[in-house]
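As written, the chain order gives the labels A, B, C and D, with residue 1 at the start of each chain.
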């Protein structure tokens, strides 16, 4: 299983039955393929609808996802304009947003929309999603292609939103962000703490045993 | 991805469902304009339940015997945030007698305040009310040489809506001028209950024609057939 | 012809083909019955539609005017919610609003929504209409039932909006408001200037002869 | 009252109509999201007309050969106000070369700014962008202990829209996700021209299903049949 698939599978386990979820372009889109069979979520697409589904059959005119690709529509879907789409997003009507990241820091800050002088695609809907969704999950590879850590004490790239990230899922570990520190919630199979620490640009706490009843997966994996 | 063939839950509830969400002192938004688009069965349920010290938020207090009028008469309402009370003399009498507090808000401003509350916005600048009593105590802001008032968001714990048709997933379609404030309030309350005249299977409403997405609606109640 | 009918007829002559018009409850509603046959206007109803028309045939559920009375819908009508209705009104998409008035003053101020300690119906949509419509026409009887003038130097009742009235039409005369003065545009047949002045609580200018080519009706009536 | 049997004007115009409304240096809003919901025939007409120094306002600059992409490539655009340029590398290259100014606006903020421009509002307070580069130079306001940015209205001289269907009176119906910014822009421009795939007689669209009221639309152009 490659890193991206591993990350997508793990993120999928964070979703609950009935959640309204927005999945970003790229890696987060994969999450849709790994949902547990006993839950049903409603996918919101920021270009203007709920009920995003995989394309089955012929593409329908005008029915595309937020990446502009033809997609399907689940029964019970509903279309709306961009003001309504972002009223839903900003107004807290989206339970979970899953986005890729360039950097996340221990204060819950996320940077994922530009690299000055290099790559300036624009923020699209990301700033609204990170600001407005009830829960923000960042799904990203643990380090850059050059091996530089993406989890940092302080982001160096321009922020998408401040102090909004709840959870970071990488191929190595799962961290929560709270009170200015990362907390290690889970280590991926075969990864040891020393390796993780070496590849992480910030210190982190271990989930306390006292809280372990909330963190069964950590207990079982460590 | 969500399977399209798994069991689809229905949001259809029995009329008593409303009782679980009522409590004294709560804020309730109600759809409707002169009673048109107001869920009369849900209003009757609040009357039967007897919750008191309510704050009602809606366009107007309708007439003594329709819309939310009966709730005004029953003495369950402590405060109303509305644009117009002229068609219900009971509201005016109770206001002058000090039995009901009435906050009058220009209709367009009321719509925007509710929209802000539902859309995560902190407020909106409107020219409406500048130079009138409505401006008292409000922050003013010059934009491009024109004066605006800062109007703040409104939210409620419960919204009661009326729609013509729903599917089991809660997607709503309104009919004619009964739409009015209903779609705005669907965004702006912690709990949203819609009274509908007809419920169809999920998938039977063209997604382009949905006026309130089902994710905003918690429960559906069937209006009594006449 | 009674005073109200006379006022409504005169206001109707101010409307132009293609205008989007909002008519207030009461006297202004009568304007719809006196439109010249060669113009077509689109009536906006602030409870949420364009295409307001007289009721013909059976009432339709939910189809009522802003007074809550059953009405009809012209071909090409369109329904919307209250936010959109007032986006149209506030955003300058309504060409003319015609409202009743309690008082109008020479500064273009209108008072028509409350009499302190006496009658407090609320402003409904009036404040937005007077603030947002491109042209504000007040249609009212010249004096109160007690004979007190309604056209004043300064309104004594709480304002609906400041400096927004373009034209006042009464059964005695038509005034425009501009630069802090009323200008008499027209005298009704059989009314003389002395009578008008006696019943008007503010001074007024006469429309200048030089501008008379814009004011054919004044020339012909005086 | 307006006679329902008088002649009904049609807003249908020939494709050259757009030429009367174009001029150098103007601001143009365009509907569409990654080109879906963008009036491609009107874009082509702007290309042919050759108007220069344009400011474009819209969600994104699509792809080099679709949506408004060709206008970026043609050099007619001086400035873009948009949320995303990542799918059109030409925009990025011209921005880095100093040939096009790009104002990046969060997508939800762009929607609200256009809505403000069309709804007569002076601005809106949004939490989006607080603590980021987007906040630079903007007024901040604390409401209930939370920080918001004041975002200002956007308007244009011309809006070019795409809809699935119109009636002769200009009432518009959009299809699926091609709706996006189109209904907002219909409110926010001095002149509104919609490219539509189909025109039906006035009265044939159910008034409940109209998504943009005809009074907002000045001219209709038929999309070329494919």
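Basically, contacts are C-beta pairs under 8 Å (C-beta built on N, C-alpha and C of every residue); 3 or more make two chains touch, one makes a residue touch a chain.
Remember, predicted model here, so these are calculated numbers, not experimental data.
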{"item": "Selected pair, greater C-beta contact count between A-D and C-D", "value": "A-D"}
{"item": "Centre distance in Å when chain B and chain C are each reduced to the mean of their C-alpha atoms", "value": "30"}
{"item": "Chain centre separation (chain A, chain C; CA means) in Å", "value": "56"}
{"item": "In chain D, residues with contacts to at least two other chains", "value": "112, 115, 120-121, 126-127, 174-176, 179, 207-208"}
{"item": "Where chain C touches two or more other chains, by residue", "value": "49, 73, 79-80, 86, 89-90, 131-132"}
{"item": "Contact pairs between chains, per stated definition", "value": "A-B, A-D, B-C, B-D, C-D"}
{"item": "Residue ranges of chain A touching chain B (in the complex, touch as defined)", "value": "18, 20, 32-33, 35, 37, 40-44, 49-51, 53-54, 73-80, 84, 86-93, 131-132"}
{"item": "Residues of chain B that touch chain D when the two form their complex", "value": "112, 116, 120-127, 141, 143, 146, 148, 150, 152-153, 173-176, 179, 207-209"}
{"item": "Contact set on chain D toward chain A in their complex", "value": "33-37, 59-60, 62-63, 82-87, 92, 95-96, 102, 104, 106-112, 115, 126-134, 164, 174-184, 211"}
{"item": "Complex interface listing, chain A residues touching chain D", "value": "45-49, 60-64, 66-68, 73, 79-83, 85-86, 89-90, 109, 117, 120-128, 131-132, 158-163"}
{"item": "Residues of chain B touching chain A in the complex", "value": "1-4, 6, 8-9, 115, 118-121, 167-169, 171, 187, 202-203, 207-208, 210, 213-216"}
